[in-house]
Amino acid sequence: MKHSVEVKSHKTIGQDLYEMIVIAPKLAQTAHPGQFVHIRVIDSLDPLLRRPISICDVDKKRGSVRFIYRAGGKGTKILSKSKEMTKIDLLGPLGRGTFPTENQAKRNMLLIGGGIGVPPLLYAAKELAKQGASITAILGFANHQVVILEDEFRELGDVIVTTVDGSYGKQGFVTEYITKEPDLYLACGPKPMLQAIKNHELLQTANGYLSLEEHMACGIGACMGCVTKISISDENSEWKYRKVCDCGPVFPAERVVF
Amino acid sequence: MTLKPSLAVDLGFLQLKNPIMPASGCYGFGKEYAQYYDLNKLGAIVVKATTPHERLGNSVPRIAETPAGMLNAIGLQNPGVEVVLEKELPWLKQYDTPVIVNIAGSTLEEYIEVAEKLNQAENVAALEVNISCPNVKAGGLAFGTDCVMAEKVIREVKNISRYPIIAKLSPNVTDIVSISQSVEQAGADAVSLINTLLGMAIDVHRQKPVLANVMGGLSGPAVKPVALRMVWQVSSAVKIPVIGIGGITTGNDVVEFLLAGASAVQIGTANFVDPYACINILQELEEFLSTKSITDIQELIGKAK
Amino acid sequence: MTLKPSLAVDLGFLQLKNPIMPASGCYGFGKEYAQYYDLNKLGAIVVKATTPHERLGNSVPRIAETPAGMLNAIGLQNPGVEVVLEKELPWLKQYDTPVIVNIAGSTLEEYIEVAEKLNQAENVAALEVNISCPNVKAGGLAFGTDCVMAEKVIREVKNISRYPIIAKLSPNVTDIVSISQSVEQAGADAVSLINTLLGMAIDVHRQKPVLANVMGGLSGPAVKPVALRMVWQVSSAVKIPVIGIGGITTGNDVVEFLLAGASAVQIGTANFVDPYACINILQELEEFLSTKSITDIQELIGKAK
Amino acid sequence: MKHSVEVKSHKTIGQDLYEMIVIAPKLAQTAHPGQFVHIRVIDSLDPLLRRPISICDVDKKRGSVRFIYRAGGKGTKILSKSKEMTKIDLLGPLGRGTFPTENQAKRNMLLIGGGIGVPPLLYAAKELAKQGASITAILGFANHQVVILEDEFRELGDVIVTTVDGSYGKQGFVTEYITKEPDLYLACGPKPMLQAIKNHELLQTANGYLSLEEHMACGIGACMGCVTKISISDENSEWKYRKVCDCGPVFPAERVVF
């Protein structure tokens, strides 16, 4: 579960956005949609901690795994400088809470991604498409410069792209473009977006899954750093802290307490 | 060729096959790391702080990265001593590595309650009394920063418990030496130090503290110089063994703590950086001894003085 | 386009064109850095600790590198207050940047002596009373870790001196808040914190402490979380301005200290990493304000609370 | 005095030993033999401090400066990985105490170097040779694997190479091969070697200069970290601490107090 993998390609695909493909056959074989890896961006004491990045896509045949991330802070900026052919240390696949992509044939699936929450939905979409599920994706971005993966989603189903500033696609938030109730929805993005999705009137009876983010230290369930409130029963509002890295990062929407 | 060096250390109340143990709160109850390697390789295992009742812990974010370190404000989330007795400790029976249970409480009574309950356990080698947690209101830190309170809680726990007692000290004090002498006086069988330094970080974009709890405990390589200094001071001032903790990430770091007077060490934050940290450190330690032709690791203890 | 943001801060007793000043002991008397840039760009200059008589300082090594930090045990080497009055301060007259003189001593009398002599100077804006140097036997640290002694030395210096008094506090204490309140009580016009954390490092090959002095003061980015936490606590507990010090290396670090309640900051170790540190930090700070459309830097002070 | 310089070539020249040549015209023009630079090995908080490295040689025409160093610890190991064409941040030339290489024509010069103390003597030797001084170099090393610069010194004068283990050249310490009194001697190497040189019976009346090392923070005279004991008069044993980075690193041998 700890791998030293070779960077096969690494390039910028939008403002501060990078796509990194690594050779990691074992990871490619075992990873489920929604899972993530925990990356040591540099062998140094600073930055000290690993960075969690979702699995965007896997190529089981070639044994490669794709990541898309935003180089926003110290660690991801360093990561963005790692060259092709060099090795990267990562843990994974991590997370027991994954997107349900099995036995979904012929169902109507709604995938909703916000910004850097879009990448993990791609792997899920591909698995669903393979089974013949009908896919609609609503992909929201801040502006035209950070729109990613649109074409790849179009190959798998219907796609609506939104931008907050209206510089591309439809103007507004993803929630404004949810127009009918799906059988199942999967969502990943900033917390306020996930909350708005969970509370959306058209999604009250649909099954839904949300992928959450939280600051992590260990990434494997040992430190209790990355918890989120998860309700313990359908009936009342009682909740417990569950570890995002271990029980998540994907949780059933109805269990997530905001 | 020289013989394989002996890594065993003797704490008096406990013999360890090597001086490496994961630190409390950084290793859960061992299960996660057992997926990476055989826990029997460790000198001992120190499990997450246990309180009399379940604790939910603090709000998130609980973790912030800092230069060569991190802050945490977990707030002692744990399932409570009953669950530890029923589920966690029995699982650890499959290993012959000694288990040290870290205990915490908000009041003297809570410390006593959890210590008492743990007397029922079958595989506890020692209790580590956490009088130094900075993340709980009215919590352990108050006990760990005052000689009288420190003495009292250690004495009471020692009286009630059937296990050897390790007092885990806070570095957030003016005079670590007098605290260590107080707990020795109170009957502690060993001291372990340091727990985390109280610190904080601010998010300049949100203009708010990074941690929901505002303050948290600083750990990792950044704190090593402070930890090492305190181990040096305390090991000169008490007769009981000292367990060194704070920022250890390499075999050389362990050697520094042993030379400063520690008889064993605990590894915390380094486990997050690399799940194999304890194992790698152990190997580096062995290589160090071989290179220097040191046959018994115990030769190093206190040697820099 | 927005206006150029105002960087000026008002300490009450002293107006600064910006909140950036080099920290004592990390900038000599300014001469070395004057080769790199114009000292008039700084908010103020804090010069090396001055004692009544020349001090030779400690043996070498005096410097050890640690993770994201360093240890120093200079031992207050300085030419004595007479030389400072005759040579160093007059040289600084060519700049209109306020000069803050850091003073130290081994006894109360020494503090008074040096403060008294400095009354003759012509270009001193304030005294920073170093009651926190960990590197001198029977030195300042004793004053800085005890409320009664801290109060006493600040009161006496305040009585004798014609300058505003900044009390520089030690972080090696259980309760920074009560120390800060004691010096406020004693008449301090401001507090500055933190001085260095007491630490050590061991050379595993020589099997001896790296520093000849065994222990030294830890500074640099590693200590920033502790410094920030103490600034947060102290600025909530006293009414006098707080000057934040500890591990600042970037403009964002300065913003963190301001948000925590500091009215100005000092830059120490970062000057060694890059002689242009103060200037770069100043520029980053200005860019931060512009990006966030903040017109007056003083808006940030204490805003994260 | 702060430069961002390009690495022109960087290669290993012995066990853990590296030669780095940088393009730094200003530095090449102004550096005196015995001076050093203070290198930021990486733009990171760990390792935090710069590393002092002596100027081994300069090529004023090409505007390049050569360094030879041992990658022994954390910082120098990181430095050894910096590739050609990349930039390195350094301060220099530093140190007002330099090897006296002017007005030395026709004099007998003895240069004594120990291990990684050999490189700074090369630049001095070249300057002295230009003026027609007669040069003898005694270069001491631990063993054959770390012998460096022998050929270049041979071009400038007589050379004796010694190794402690006898694996190359003469066996023993450099001091065993000082056989006659020179007019002037220059030495750089480990402290015990320098002390033995200063006390050598054949060097009691010769003028001598020693290049010292000390742990440094600022490298420019501001922190008082790097002091050494320097006697303040010829008559008595009184000394003061002087900064190696600023008043040194080269001091008259008779002033150095061990």
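In this document, chain identifiers A, B, C and D correspond to the written order of the chains, with residue numbering beginning at 1 in each.
Please note the rule applied: contacts are C-beta pairs under 8 Å (C-beta built on N, C-alpha and C of every residue); 3 or more make two chains touch, one makes a residue touch a chain.
A quick map from chain label to UniProt name: A, D = Dihydroorotate dehydrogenase B (NAD(+)), electron transfer subunit; B, C = Dihydroorotate dehydrogenase.
Every value quoted in this text rests on a predicted model; they were computed, and no experiment measured them.
> Spelling it out: a chain qualifies if it touches subunit A and also touches subunit D; which chains qualify?
Shared contacts of subunit A and subunit D: B, C.
> In angstrom, rounded to a whole number, how far apart do the mean CA points of subunit A and subunit C lie?
Centre separation, subunit A to subunit C: 46 Å.
> If you average the CA atoms of subunit C and of subunit D, how far apart do the two points sit, in angstrom?
Here subunit C and subunit D have centroids separated by 36 Å.
> Between subunit B and subunit C, tell me the centre distance in angstrom, where each centre is the average of that chain's C-alpha atoms.
Here subunit B and subunit C have centroids separated by 34 Å.
> Which residues belonging to subunit C are in contact with no fewer than two other chains?
67-69, 220-221, in rising order.
> Would you please write down the residue numbers of subunit D that are in contact with two or more other chains?
Correct list: 45-46.
> Chain contact topology under the given definition, line, ring, star, complete or other?
complete
> Okay, in this complex, where on subunit B does subunit D touch?
Interface residues on subunit B, with respect to subunit D: 67-68, 221.
> Write out the stretch or stretches of subunit C touching subunit B in their complex.
66-69, 71, 145-146, 172-175, 197-202, 204, 207-209, 214-215, 218, 220-226, 228-229, 232, 247, 252, 255-256, 259-260, 288, 300, 303-304
> Across the complex, what residues on subunit A touch subunit D?
For this pair, the touching residues of subunit A are 44-46.
> Within their complex, state which residues of subunit C touch subunit D.
Contacts found on subunit C: 25-28, 31-33, 35-36, 48, 56-57, 60-65, 67-70, 72, 74, 77, 220-221, 249, 269, 271-276.
> Using the touch definition up top, name the residues of subunit D that touch subunit C in the complex.
On the subunit D side, the touching residues are 1-2, 40, 45-50, 75, 89, 91, 214-228, 240-241, 246.
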